[in-house]
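These are the structures, in structure tokens.
In what follows, chain A forms one complex with chain B and a second complex with chain C.
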Partner chain A sequence: MTAATALVTSPAPRISAAQQRAERMARVRGIIFAVIGIAAFSIASGSMGSEVTFRFWIQEQGGAAWEIHTAAGLLWILAGVTTGVGGLHQLWKGASVSWRRWMALALPFWIAAIIGTLLAGKPAVMTNLFGGSLEYAFPIAMGAFAAMICERSGMLNIAIEGKFLLGACVASIAASVTGLVFVGPVVAIIVGVGVGWLMAWMAIRHRVDQIIAGTVVNFGALGLTNFVYLRILQLNTDINTPPTVEAIKVPLLSEIPVLGPVFFSGTPYLYIALVTMVVLTYMLFKTRWGLRLRASGEYPNAAGTVGVDVIKIRYRAMMLAGAIAGFAGSYLSLHSAGSFQMNMSAGKGFIAMAAMIFGGWNPIGAFGAALVFGFSDATQTLLSSLGVDVPPQILTSVPYLVTIVVVAGLVGRVRGPAMAGVPYEQG
Partner chain B sequence: MRLELREITKQFPGVLANDRISISADRGKVLGLLGENGAGKTTLMNILSGLYRPDSGEILIDGQARTFTDPADAIKAGIGMVHQHFMLVPVFDVVASVALGAEPVKGFLGTFDRASARKRVVELSTQYGLDVDPGARIEDLPVGVRQRVEILKALYRKSDILVLDEPSAVLTPGETEELFEIIRGLAAGGTTVIFITHKLNEVLEVADTITVLRRGRVAGTVLPRETTRAELANLMVGRDVELTVSRAPAKPREVVLDLVDLAVRDDRGGLAVRGINLQVHAGEIVAVAGVQGNGQTELVEAITGLRRVDSGSLTVGGEVVQNATPRHVSDMGVAHIPEDRSRDGLIANMTVAENYILDSYHRSPYSSGVRLNRKAIAEEASKGVREFDIRTPSVETHVGALSGGNQQKVIVAREFSRPVKLVVAAQPTRGLDVGSIEYIHRRIIEQRDAGAAILIVSTELDEVLALGDRVAVMYAGQIVGVLSSEQATKEAVGMLMGGVH
Partner chain C sequence: MSGLRRRLRPLLVPVLAVLSAFVVGSLFLMLSDLKHLAMIPTDPIGALTGAMGDVINAYRALLLGAFGDPAKFALAFEQGTPKAWTTALRPISETLVAATPLMFTGLAIAVSFRTSVFNIGGDGQFVLGALGASIVALALRDLPAPITLVGALAGGVLFGALWGFVPGFLKARTGAHEVITTIMLNYVALQIVQLALRTDFLRQSTNSQPISKVLDFVRVPLLIPLPGLRLHWGFIAALVVAALISWFLFKTTKGFELRSAGQNLTAARYAGMSAGGSIILAMVVSGALAGLGGAFQVMGSVTQMSNDVNSGYGWTAIALALLGGTRPGGVVAAALLFGALNNGGHGMQVATSIPLDLLVFIQALVIMFVAAPDLVRKIYRLRPPKPEVAATATEGASA
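Our next item is the complex of A and B:
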């Protein structure tokens, strides 16, 4: 070849292999959705006769009620139509159609149809279902906030579960011994801060792998609280019978028909979670503290070279997260249970981490995600309390199944703080 | 302000990184600090920016001795650093990146006063002619603009002494010129600038005085108008160096590497290589020029079997090799000198001998059945060490303990120890001293003359011009021009690298 000058500019290929794959996937998804939609119709034809009642208490439990009556078949038809149309849309237009949006539309109908069919004529008390979702969401949301603060600062904190257990255990003892309910959360916060500091000290000072440090705390907390329960609390039940945190009716707001009983008649925990969400959002994204915290998690060297003390930020983040997680732990034993039980957190600390990811490392998103998990928990409680014809083992596994589906399927590509879990080295 | 470092000494385990180094820079002047990797430049700058503390010696600002215990002290004293690897948070916008660490706040919660920070950024960027969009996200900005953000960061902190560490490493020739303009402007405004580099031309162009470091010591201080490239190279290396290896004209023969409409994706799924057509013939060197991040890395990975080809075809000696395994590619006689030698080229914790056989350990004479033949390995590796002049205590030394130049020689020795049809060399001399560069270049030209087809990918314009029989310029994933060695001038290639054609 002679030495030729050629301004060779070849156009980019029109459709690449990856795009083709995405298109193929979209068509397959469309067909599956359409088939599911048709399947819903066949269920509908068999259940047109069975009635479903959704009941809302207007003012209080057991008082006047507002009810929606419908046929289970109708719900199945709505579920089928939304799913089927979404599937056909996807099949027709390909990958450019957002299937997640169609799913968000179809999902409520599916849930209503399934619940309605399972209840077989018994009324579904929606006030309890929604109110319960909020209550169950509390520990998950707070755990997600705690984990989020750590990850935003560049620390990986998988020990939310352990802090829940420790918080629950000490809160119950402290409140029982003193007879004062508020002492429980205070002691739980102190223990949480201590555990947070311990983890930070292991991970920062001694460079222990943060996953391992978290695992140590989780198993340590489980073993320790089991021991305390079996050897101490079971023999002295008087130090495991704390006063419980009672619901507070917010003046005026709790009078609002239908909405009042759902949103404004909860325990102080619920209101604290909402306040924490708002304050944390502001602190993370609008203040100097938040700016430096996020810089430490995204690119600690950038913060370090302008004189920001990354190590101090990370210690403080771990301790603050410990306080939040410990406080959330106190809910478990001081709220409905009224005592500490072995392994009573039952994986909620890990579900909290799922909520953090699903919520995109953002307090408002995490709270929304926590509501999804709370709803699945409340649904399970509703169904088992009404004694539906489903094995209880399957019902209790619903929240965990929802977690798997959400994390594996619904969370698309999300990007967390870049340097979470990477030790910081100056220079 | 006048900056002076006196007799700075810093000892690390096993290395005397700075040995009684004294430098000084006057107000409004540009001091060029020239030295090779490992000469002690970075250590010296880390001392100046408060990241390290010297074992002895002192830092004087306007004649006053200062001690820095952390970076905040150095910033307070008026020293602003522009690091080689930008210290910017990719997901922050320009305002937040500039203000980080010195944020204006209001209210008891410490609310970040974005409006007033933004006002300062805009003021400074107009005052110093540093054009940036204050609301843009860092990760969306081209590197040249990111560098301006870094300079703004220093100015925002009212730095009178600006230290730039290898600032041109990531810039196009055009952007480098702009940077020099900015530096001259800052100096004219009274800022003291310390410009650290290993590039001879740059210090000659921009510095008022040049201090050369060699192995932790000051090798000499000279004025640009009283010195030459050859003298500076001599000071840097300690002996005379041939800066451009001479070579005979190429005698191209049959096509070896043939790329047709090749498209490759990066890790994030975006198209990094957007339909490239290129042929490399036996007996010629094609040098691919371009600023880092224009798809060169992905191109090399696709050719060597490390990355999937999205569409198009890729043949070596007529055989289709797209999406072949790296071993298959290597067995076909493709030698690969990777861009990042510590990540893709060598295993630091393994010995020279083990690294030497990484691509052929599974073959006779190195192994029989499941056993490695240690004796044959040591013998062959010793032969390679002798032949390629690798300075190592023994073949049983860990590769990580060798200097960068010798590490690169281990890779070259390994890759050239078998029959080679095609050489793919990415940044073959990055971070090497002038002496090692000379050696590696000579070896590559030898391979060409022996009949191999050679594809060099380099961001160093000097290297591209020194080696390329043809120069292909890559920009935004495409080849925007192919020039013969006569047509390939600095200006012509530089224009194409910046996307102008």
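Our next item is the complex of A and C:
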């Protein structure tokens, strides 16, 4: 829990209507969880016989493997027990029980049970699944960090998508023209900072609504990058074939059995995301910069009164966010695809916003949420590669639906910065 | 100030905004002109004039594509054959066809902006409206055509309204920010459409692409009885709906409540109005309008449901609502302009092979300039508006 939310949810002297509502919601949640838990048992009884294999590569793909064999029914029972007990606990104790902890405990069993049942006997290669999740999670996590910095400073930034596209486009061109990989991300960062400044300038200097400013950037970036692709890149493919970012095996750490291939054989992007998460957490909650940033988002008038330059903070936050989002955009063209393609961000910028909310406006939470969303992508890839016919649309919708549920506070309400999106008038 | 000047004054900023957007657009057009950029070292003047000539050609092709070629009109008058008239009228017909969905989504967004609800889920409401219309049309295909058609349109309205109701209800009841929920619902709607297009009920089995069966058995009647002109009664319906929305917003009690909630929620609440009710109503009306637009699109213009039925109409609608000052009449005018741009863009793409996407970028610039009127005034050194004018001008923009 973040410092800001702790401040808000600290117990009031008497029970308020909101608390009563929270209690009621908690009981309802408890009942629902318990019922779902029991439902899992009925599935379990039907699938005791079917075997599930989870395979982890110890060192490299196709080499020696470590396998877990179990029955799908057993996984369903574990999912049912954890959910059911969590529900009863919530029902018994009310809102003081953290549903998130129980969810965190039960979720892996649910996922394992569902995947196991869908695969129907085929082995699930968990190394690829986890590695894939991390890979898919990168742009989402970075986008979430960018959006979070803005919202913490009081600026609503819905233009992560547009910055991804611009970053991907310029990174591909820059890296192709110079032939040097690292030039791509650098140029993408510069462009991202520029766009961030433009948005802040529109929103602060010219009082354009922040959502409108974001729409301008998203729309403009889509039009501009499509235009550049069709007019220039399609005909001159030599400036859209950048050198790609190669995976780096971290010495020693990548030798660790099972964990090495998942965590320490990725591209530098992965490590940068992890470092960003740690640094950002420290910066937000332990430094003066972070305190001022959060103050600008929570109560800008108070911050302004004690001499904090709210306007400057918001400009800088938008530019920093632009840098992060532009950098993440470079990943799309330099890593995944190896070239820029039209609309290649495909809504990842909006999923990033979802991850920010789901993660409670907090870097570690956002990274976790990005992993969950990345996992749903990776699962889809795994299932389709094994020829399991599940409509991909159902899995794709999950992050969006989860976000709606979380924003609406139906399950574990999260609260964003109070003044995100509200213009600040310097008095 | 004379009456005419006072009436034209609010048009000044939008017109200048569109103009500025085109100027910036032409700069990008010239910067991406590799052929002429390469000429700069040897022949800078030739490069500049050549590039500018290309820009002028492109915008000329845009105008011809949007409004038709005067020469062809002359030919049509001379010959008087249906074929000549078809060629002469097709660009205008296509412009109005392109404007029709924009009028619906633009009105949808304008209603929500008036109530200070940021419905950016026009895309989702539009595609679900189209889906609803296709489903109902296929389900009722054995009934008399008028019944099927009315049913299909109603289906579109219903699906769109439902997709507007969800974020409205969540906002009113739980305070969930409608920007977030509508963005997410856009994607969910897209997935629902893809899922629906997998079913045998909807899918055209002979096609490898996910596209529905042809729905031309209940097409919206065409407006001009010439073969090859797609303009249909949906366009007239959009005009009627715009008039109805105008009446609803400015002449009814409910409309007053919506606008009051939009201007000052606290004051509206003190006056005994239900803020939550206004938000839900605005979102439902908004969703229904977008859904109706989707229904007309699939039953009138394209006659087949697919993922491509929507091309960002929900997002463009934000530009339209702003450009039209969130007034139905203004939105209709803005939609006609953007319809002309989109359709003219096709003409430009064919004639000069400049990608149509340039116009998406130009539209984004239009939003930027319209949303920042003081920027436009500064560029053109206009006097700041008088207080009374300011009040009406910001009324729309700040919604």
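Here are a few things to note about the model shown:
Just so it is clear, the second predicted complex is superposed on the first by the 322 of 427 C-alpha atoms of A that agree within 3 Å, B and C clash if a C-alpha of one lies under 4 Å from a C-alpha of the other, contacts with A are read in each partner's own complex, and residues count from 1 in each chain.
Quick note on the criterion: a residue touches a chain if its C-beta (ideal position, glycine included) is under 8 Å from a C-beta of that chain, and two chains touch if they have at least 3 such contacts.
Remember, predicted model here, so these are calculated numbers, not experimental data.
Of the two partner chains placed around the shared chain by superposition, chain B is the only one that A:298 touches, whereas chain C remains out of contact. In the superposition on chain A, contact is made by A:286 with chain B only, not with chain C.
Legend: residue contacts after superposition of the two complexes on their common chain; A:407 is shown touching chain C, with no touch to chain B. Looking at the shared chain after the overlay, A:308 reaches chain B, while chain C stays out of its contact range.
Judged by the touch definition given at the top, the superposed model places A:418 against chain B, while chain C stays out of reach.
Legend: residue contacts after superposition of the two complexes on their common chain; A:96 is shown touching neither chain B nor chain C.
In the superposed model, A:394 makes contact with chain C only, not with chain B. Chain A residues in contact with chain B (one complex) as well as with chain C (other complex) do not exist. Within the complex, the chain C residues that touch chain A are 28, 32, 34, 118, 120, 170, 173-177, 179-181, 183-185, 187-188, 191-192, 194-195, 198, 312, 315-316, 318-319, 322, 354-355, 357-365, 367-368, 371-372, 374-375, 398. Looking at the complex, you find that chain B touches chain A at residues 46, 49, 51-52, 70-73, 75, 81, 83, 85, 87-92, 96-97, 99-103, 105, 109-112, 153, 157, 252, 261, 263, 265, 269, 271, 274-277, 279, 281, 310-312, 470, 477-487, 501. Those residues of chain A whose C-beta lies close enough to touch chain C in the complex are 156, 158, 202, 206-209, 211-213, 215-220, 222-224, 226-228, 230-232, 236, 347, 350, 353-354, 357, 391, 393-394, 396-397, 400-401, 403-404, 407-410, 413, 416.
Per the touch definition, chain A reaches chain B in the complex via residues 1, 3-13, 16-18, 282-283, 286-292, 294-295, 298-299, 301-309, 418, 426-427.
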